[in-house]
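These are the structures, in structure tokens.
Look for chain A in each of the two complexes below; its partner is chain B in the first and chain C in the second.
The block that comes next holds the complex of A and B.
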């Protein structure tokens, strides 16, 4: 079984926000929630870089380690999902996540009612694959159809890669060797506890 | 409301063995100074403690939801929570002096200095709050949650946020300085004229008041989630319970405090003592000089037993808010001891939602099953209980069987 990962090549991201829009549309993510966002640092200045941020589906995920009701689980593909039936919206995972992934609906005060929402790596939730209940709570399940997350599929510069961690790391290595520079696979070490050595 | 009974229980323990125990569930916020400690917890309580003997001087249950930030003031303290409210408490005065109205976003940070109080919110706003009447003036500061807030000595306000930005604001809320951060900040503490910021990438970084990055120390692979400072000293904590005491200005590690179980959400320093608190629900004390523990830790128990049954496993998700000890309503929800046969919202000693008091449900294994099949929003509308469901009928039956053991 592949270990699915995201890789964000900040040297390629052009801040087009197609990944954000694709995600929002594919899963009909409610108003006020973005499962993915693009953060630009040094905006308009030398050294400007943009990174596409969402849940990185960490190895030994910090969100899972702080959840007081154990609503997180990791699939055989290494995707970190959560059960909205169990989530109490306490907000602790948002303080533990290195990537600001957990989101809360603005229709409820977070911590009192709202259920946490985050990127599912386009692989649904604990409900039956492709069921209406799964779609309503978690969105589309592309992985069960043999497809990869739509954000990465839509990325015009292929700054955002999704797939087997070993394969996308190798693609990144080849890129860095070919172009002669690389500022690093953003967040890779924090999420997966290793660096992409070139 | 003062809980003299709790104070008496704590007083019965030898001082050296005491650690403040009083929150029913995780402790999320701490502040300490002048021999006082104030804490806020997931149980919605704010507790003022005597720092020297660990006796609870005042317990207030005002907020709805997790109390996410607290700050000591010269003549009282301020508390703030996920209900979006900030409340001011003064010594000798019952109830809050004032409280801001419930807001659309949780309060994530509080800062106080020299008569000025400010709050950071989960939607990126920063609010200045007049101490005289609690009036709030807010402005948009960050694109995302404000994760740290502090006043500098010159009265300017510094903030960090989930938009990976640092900002400094003058008294007129004008931007004085702005900077980019290399990762997600999870707090902010002023240490003299520099700032200590714990990051989710495991680095503790020092910053100047203009946002320039100064020396940093990589502490762990796990996210750092709490920070506190005193002259010459910074303390930081991680999600796995590890706590470090570091010397300024180079962040040299002075001591590593043995980690407890689960995350340490809050730190505070007062003279020679470090206070830590988190998922264990207990406030622990350590000697700042070398990290030596002061008194034995006493973990919180909800009265339940993990007997290996499926019901006990399902119960784990309930235990964050409910105790099974008789009469223990210290958690966010009431004790479920002797649940079956009881009318809804009938147990003494817990402030139920008015909507629940109007219902006529008698708790039985069947009604409990219906609650978790339909969810509290449908079955007990108006409840403060989060809308949880248990999809598997066998799990619902196992939970009922487990709960039935805890009866008079």
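The block that comes next holds the complex of A and C.
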């Protein structure tokens, strides 16, 4: 089985935010929630870099370890998903996540958090594949169709890579060797315990 | 038109030439930021940049420290919470086995004295009932996924926890009101004094039959419980409000600290309250009436709160310093 990961090659990212938009559109993500975002480091300075960031689908995901209702699970592809039926919107996962992935709609009174929403690696949730219930709660399930996440698939500079961790790491490694520089596999050390060595 | 086409082809050939393998690429931004350098300079501080979406929190790219809090939650905190609660239950069970139920040594007199009026009992039971629900729903957040989830299944546990969260968030407010009420009603009776020292030296008479150190309305043990509830309750209230309104709590790191303090204080206070419930019910004959009907047996009152009985009956002066009887 593949171990799915994201890798953003910040030396290619042009901060066009198309990944953000594509994600919102593909999953009909509600107002106020961004499953993916682009952060620019050293903005306006020489050598600034932009990184597209979403849930990194961590190894030993910290969100899963703090969830009081144990609603997270890791699929055979290494994707970290959660069950919105049992989620209570307590917010703990958002304080455990190093990447700011969990988001909450303000649905209840006094602005209390609704059920958590985050990147699903375009692979839905525990509902039946391609069911209406799955789409409403989690968005499209591209992985079940044999497609990779849309954010990476439509990235115009191919900065954002999605796929098996070993393969995208190899692609990134080749790029760094060929062009002679690379700002690093952002988030990998934190998410997977090791970064891509070149 | 043909001029334009020639220019386009010229630009194209230039571009192809540049990307050809013959010309070595030069790093166009040798000063570019790298993750390695950033992590080295930042340590465990978050990597923060700029985002174009209005959510300022989204500008934090990587917050490695969050994993430390997650690890504390998952590996340590539930043990620190369950530890004192299990310990107090074991201690109380041992105490019960050794000492048994503390009886009224001189037997029940049949005459009663009003110990707590309706307002005092209302304040106590509002505080008590909300605390019990808050403690149970809070414990459910900490250990429910290990203790209750396997018993009732994910769906039922999800529903239970969702209601539990609502109960916890909303019953916190009557709890806080009752806490203030109790403080106003009883603070004056709970100021430590010399009588308490005597009570503590005699172990409150808890360990030996027939030993009854004098006490006013509240003995030293009760004062300890009172101030634990007030201070613990205040700490829980403050950290709880911060947790309810994370935007007001400051940074996420502050919130994590508040959450940890909240859980540990709650565990400690729950242990204290379990002991309080024990001694106020099965642990001591006649004790429950004080908060049940409000009327306690006179003999019970004389054994456990001798100075208080003398005060309200006008038998002696206050504070255990009997006034000289007037010469008649």
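What we mean here is this: the second predicted complex is superposed on the first by the 190 of 198 C-alpha atoms of A that agree within 3 Å, B and C clash if a C-alpha of one lies under 4 Å from a C-alpha of the other, contacts with A are read in each partner's own complex, and residues count from 1 in each chain.
Definition applied: contacts are C-beta pairs under 8 Å (C-beta built on N, C-alpha and C of every residue); 3 or more make two chains touch, one makes a residue touch a chain.
Just so it is clear, the structure is predicted and the values come from calculations on it, not from any experiment.
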**Request:** Could you classify chain B and chain C on chain A, in the superposed arrangement, as clash or fit?
**Result:** clash
**Prompt:** Now for A:88: first (chain B), second (chain C), both, or neither, which partner does it touch?
**Reply:** both
**Request:** Kindly classify A:121 by the partners it touches after superposition: chain B alone (first), chain C alone (second), both, or neither?
**Result:** neither
**Request:** Go through the superposed model and pick first if A:179 touches only chain B, second if only chain C, both, or neither.
**Result:** second
**Prompt:** Is A:138 contacted by the first partner chain B, the second partner chain C, both or neither?
**Reply:** neither
**Prompt:** Should A:6 be classified as contacting the first partner (chain B), the second (chain C), both, or neither?
**Reply:** neither
**Request:** Identify the partner contact of A:34: answer first if only chain B is touched, second if only chain C is, both if each is, neither if none is.
**Result:** second
**Request:** Return first, second, both or neither, reflecting whether A:17 touches chain B, chain C, both chains, or no partner chain.
**Result:** second
**Message:** If you tally the residues of chain A touched by each partner, is the higher count for chain B or for chain C?
**Reply:** C
**Message:** I'd like to know which partner A:193 touches here: chain B for first, chain C for second, both or neither.
**Reply:** first
**Item:** Intersection of the chain A residues that touch chain B with those that touch chain C
**Value:** 39, 41-42, 62, 65-66, 68-71, 85-92, 95-100, 112, 189-190
**Residue ranges of chain A in contact with chain C within the complex** = 11, 17, 20, 32, 34, 37-43, 46-51, 53, 62-63, 65-71, 83, 85-92, 95-100, 112, 178-187, 189-190, 195
**Message:** Applying the document's contact rule, which stretches of chain A touch chain B when the two form their complex?
**Reply:** 39, 41-42, 62, 65-66, 68-71, 85-92, 94-100, 104, 106, 109-113, 115, 189-190, 193
**Message:** Which stretch or stretches of chain C touch chain A in the complex?
**Reply:** 24-27, 29-36, 38-39, 47-53, 55, 57-67, 69-71, 73-74, 140-142, 144-145, 149, 154-155, 157-158, 161-162, 164-165, 169, 246, 252, 255-256, 259
**Prompt:** Which residues, counting only chain B, touch chain A once they are in their complex?
**Reply:** 25-26, 42, 64-66, 68, 81-84, 102-106, 122-123, 144-145, 162-164, 180-181, 183-184, 186, 200-202, 221-223, 225, 239-240, 262-263, 265, 279, 316-317, 320-321, 384, 386-391
